[in-house]
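Note that the chains take the letters A, B and C in the order they are written out, and that residue 1 is the start of every chain.
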């Protein structure tokens, strides 16, 4: 069997090696070089890129990214838990309800972000409706700020939180909650003391699946934040396109990877296996 | 609290679907403003007259089909091999590629291609996009295949071996036919992931290989346009149908190869 | 006679336990051989070792004198009927039966069709050719599994508890059919079961396994009447243990009057009786606390609970073991 097995694994190993690890190694190497005249890189080898990464000028971008990702994750958790609980407890429609949650995610992320732009912009649906109802006189700036970015991220990644939560909650014995109520626990206490502790692994998996993409988000801050809400992802993209500072972009990317690995290792040890 | 769960759930579903529904409704709006002025098919017609859009759509389709074909074949083989005997290195690599932020994957591929093409005199183009797509679609295929194999009755493979089939023949005549619905589901998933990608594609596409997401992004950047609304609705419905199909396939074949 | 299948010191260790411990046995051509034992005794593992799904830790497996120990399953001339039948759900009955022949590429398409037809007729399944496994009954699926293996004419057919998935009435019926099938085909059957009644009724010879070891090999009658170990005695039937001697209930006599001084008898008190259809088992308790069951081949129990009785047996019916248990 092992000859066949090696044959079966080789293409994937080749793709992983050549199209995932090798590029990461190249980026790693590029972070130690100097920016080229027309983009790209050139010698000499230097640590200059890393110096700039720690420049306080860019520090606030990092903190903003962490902050936005954390808030988005928390909101996803707060909004997703009751939804997952509801689905887990509906007897016959479980699969249908779950599929309905996942369906939007599998259609275009770009389009869904765009849909919110249509709703939120100054001439968008919400403002136009509010104005025509004479509730406001000037359009509310609903778009192009951190709030909009958070909204976009929560909207985009909510299904990623619901799925693992549902998986854990589904295995929860419903009689546990009945027993808790029987012993005098209010719904709030039941939630805090029974549901949350028992669904820890699902919560951790969900947080992992939401926090990491939010941290490295590009489209949402770019479209919903309008260039004013710069996150790590936007910064990196900028360096590799308009700013043409590849070593700097590479250094930031590397730090983003380190952050991601750190969070994954830290939470992943406590979370469930995905593959 | 429990009493409000159904109402809350309804509100949550509303939240998830209303932006798309609103978009859909206003794609038929005869006015460009966000006030309903009348029903029209105009914007849909304009989409089909927009050659840039059509070219981009064609590119996206070609890329998605090619990437899906390659990823599905490679991923199915790998998933099967991993099911037979675990390989922590490969599994963790795949897991890592899933966790890697798109922007990092995109710039690293860009850097890789740029370095590579110093020696090969090749430019960025459809081929680089396809390669990039394969690199991030692979893990989805492996996940789906592994999930299906988890409920596969391995005594069927043993029976085939017993009857004289070699390992390859077992795979070809027993496992793959039974796995086919799962393979197709993985392919459909792959297709939607590839079709929708913006970040990685925009970084490694050449000048002449604009994809549909890239065009939509540019239009969205400029402002809201009813054509984009119409286009979005068509894409959403199309991808939605594919996903529902994939889900149906998963369910229908789920009973056949279950372990007793 | 040369043995068709021989196991020499076959052993299989797992990290947690020893599944098969130094098993040696020979199966003669055309023999119906059963391997019995309780769950977990290693009989299925032995079967899997012979089929080639697992590699032994040590020992050898010989087919017609040739070692097959290092051969993969598809190179061994043995076939298996699985407990779950393992029919390919996506293939019809005919395609299932033809599967092995098609992989072998020894026969032409016409020959394959002929052989499949004959195999299906052999198991009395003609007429169901184009059905899918999901469209036929459990008993019919079992026949397809048999046909699928027999059509390849292996040296030995391995059967892993093939009747355990059937309901009791069908089981009894299939037992007879299986035995006559084996006689007709003339291939050695290695039949694994935990049901001692099945083994006793079907086998030419049988072996009792316990904890990975072979307790005893021999003809069914020999094993039943002269078990060499306490375990074998208790596994193959019921035993009354009185003062260290074992007697089967059907050999235990019971009466209200003393049988006299020619036999040693024991006084006992009737505790109850169980009607088993073709006989009655009377449970009694001896003064020292031992329980004794006597079998009466009649429909009614002539004793009432609490009646004092005598139990005795003929010395020739006692079970003796060569080693002290």
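In this section, contacts are C-beta pairs under 8 Å (C-beta built on N, C-alpha and C of every residue); 3 or more make two chains touch, one makes a residue touch a chain.
Bear in mind that the values here come from a model prediction, so they are computed numbers and not experimental data.
Of all chains, the one whose CA centroid is most distant from that of subunit C is A. The greater number of contacting C-beta pairs, out of the two interfaces B-C and A-B, is seen for A-B.
A summary of chain positions shows that the Cα centroid lying nearest the centre of all protein Cα atoms is that of chain B. Look at where the CA atoms of subunit A average out and do the same for subunit C: the two points lie 60 Å apart.
Rounded to a whole number, the gap between the C-alpha centres of subunit B and subunit C is 54 angstrom.
Inter-chain centre distance (subunit A to subunit B, centres taken as mean C-alpha positions): 18 Å. Within the complex formed with subunit B, the residues of subunit A that make contact are 1, 4-5, 7-9, 11-13, 15-16, 19-24, 26-27, 30, 40, 79, 82-83, 85-87, 89, 95, 97, 99-101, 103-104, 106-119, 121, 123-125, 127-129, 132, 155, 158-159, 187-188, 191, 212-213, 215-219, 223, 232-233, 236-237, 240-241, 246, 249-250, 253, 256-257, 260, 264, 274-275.
By the touch criterion given at the top, residues 153, 155-156, 158-166, 169, 173-174, 177-178, 256-257, 260 of subunit B touch subunit C in their complex.
Contacts from subunit C toward subunit B in the complex involve residues 51-53, 72-74, 78-80, 82, 84, 86-90, 99-100, 103-104, 134, 148-149, 152. Chain contact summary for the complex, subunit B toward subunit A: residues 1-2, 5-6, 8-9, 12-13, 15-17, 19-20, 22-23, 26, 33-35, 74-75, 77-78, 80-82, 84-85, 87, 90-91, 93-112, 114-115, 131-132, 134-135, 138-139, 142-143, 146, 167-168, 171, 189, 192, 195-196, 198-199, 203, 213, 216-217, 220-221, 224, 228-229, 232, 235-236, 239-240, 243-244, 247, 251.
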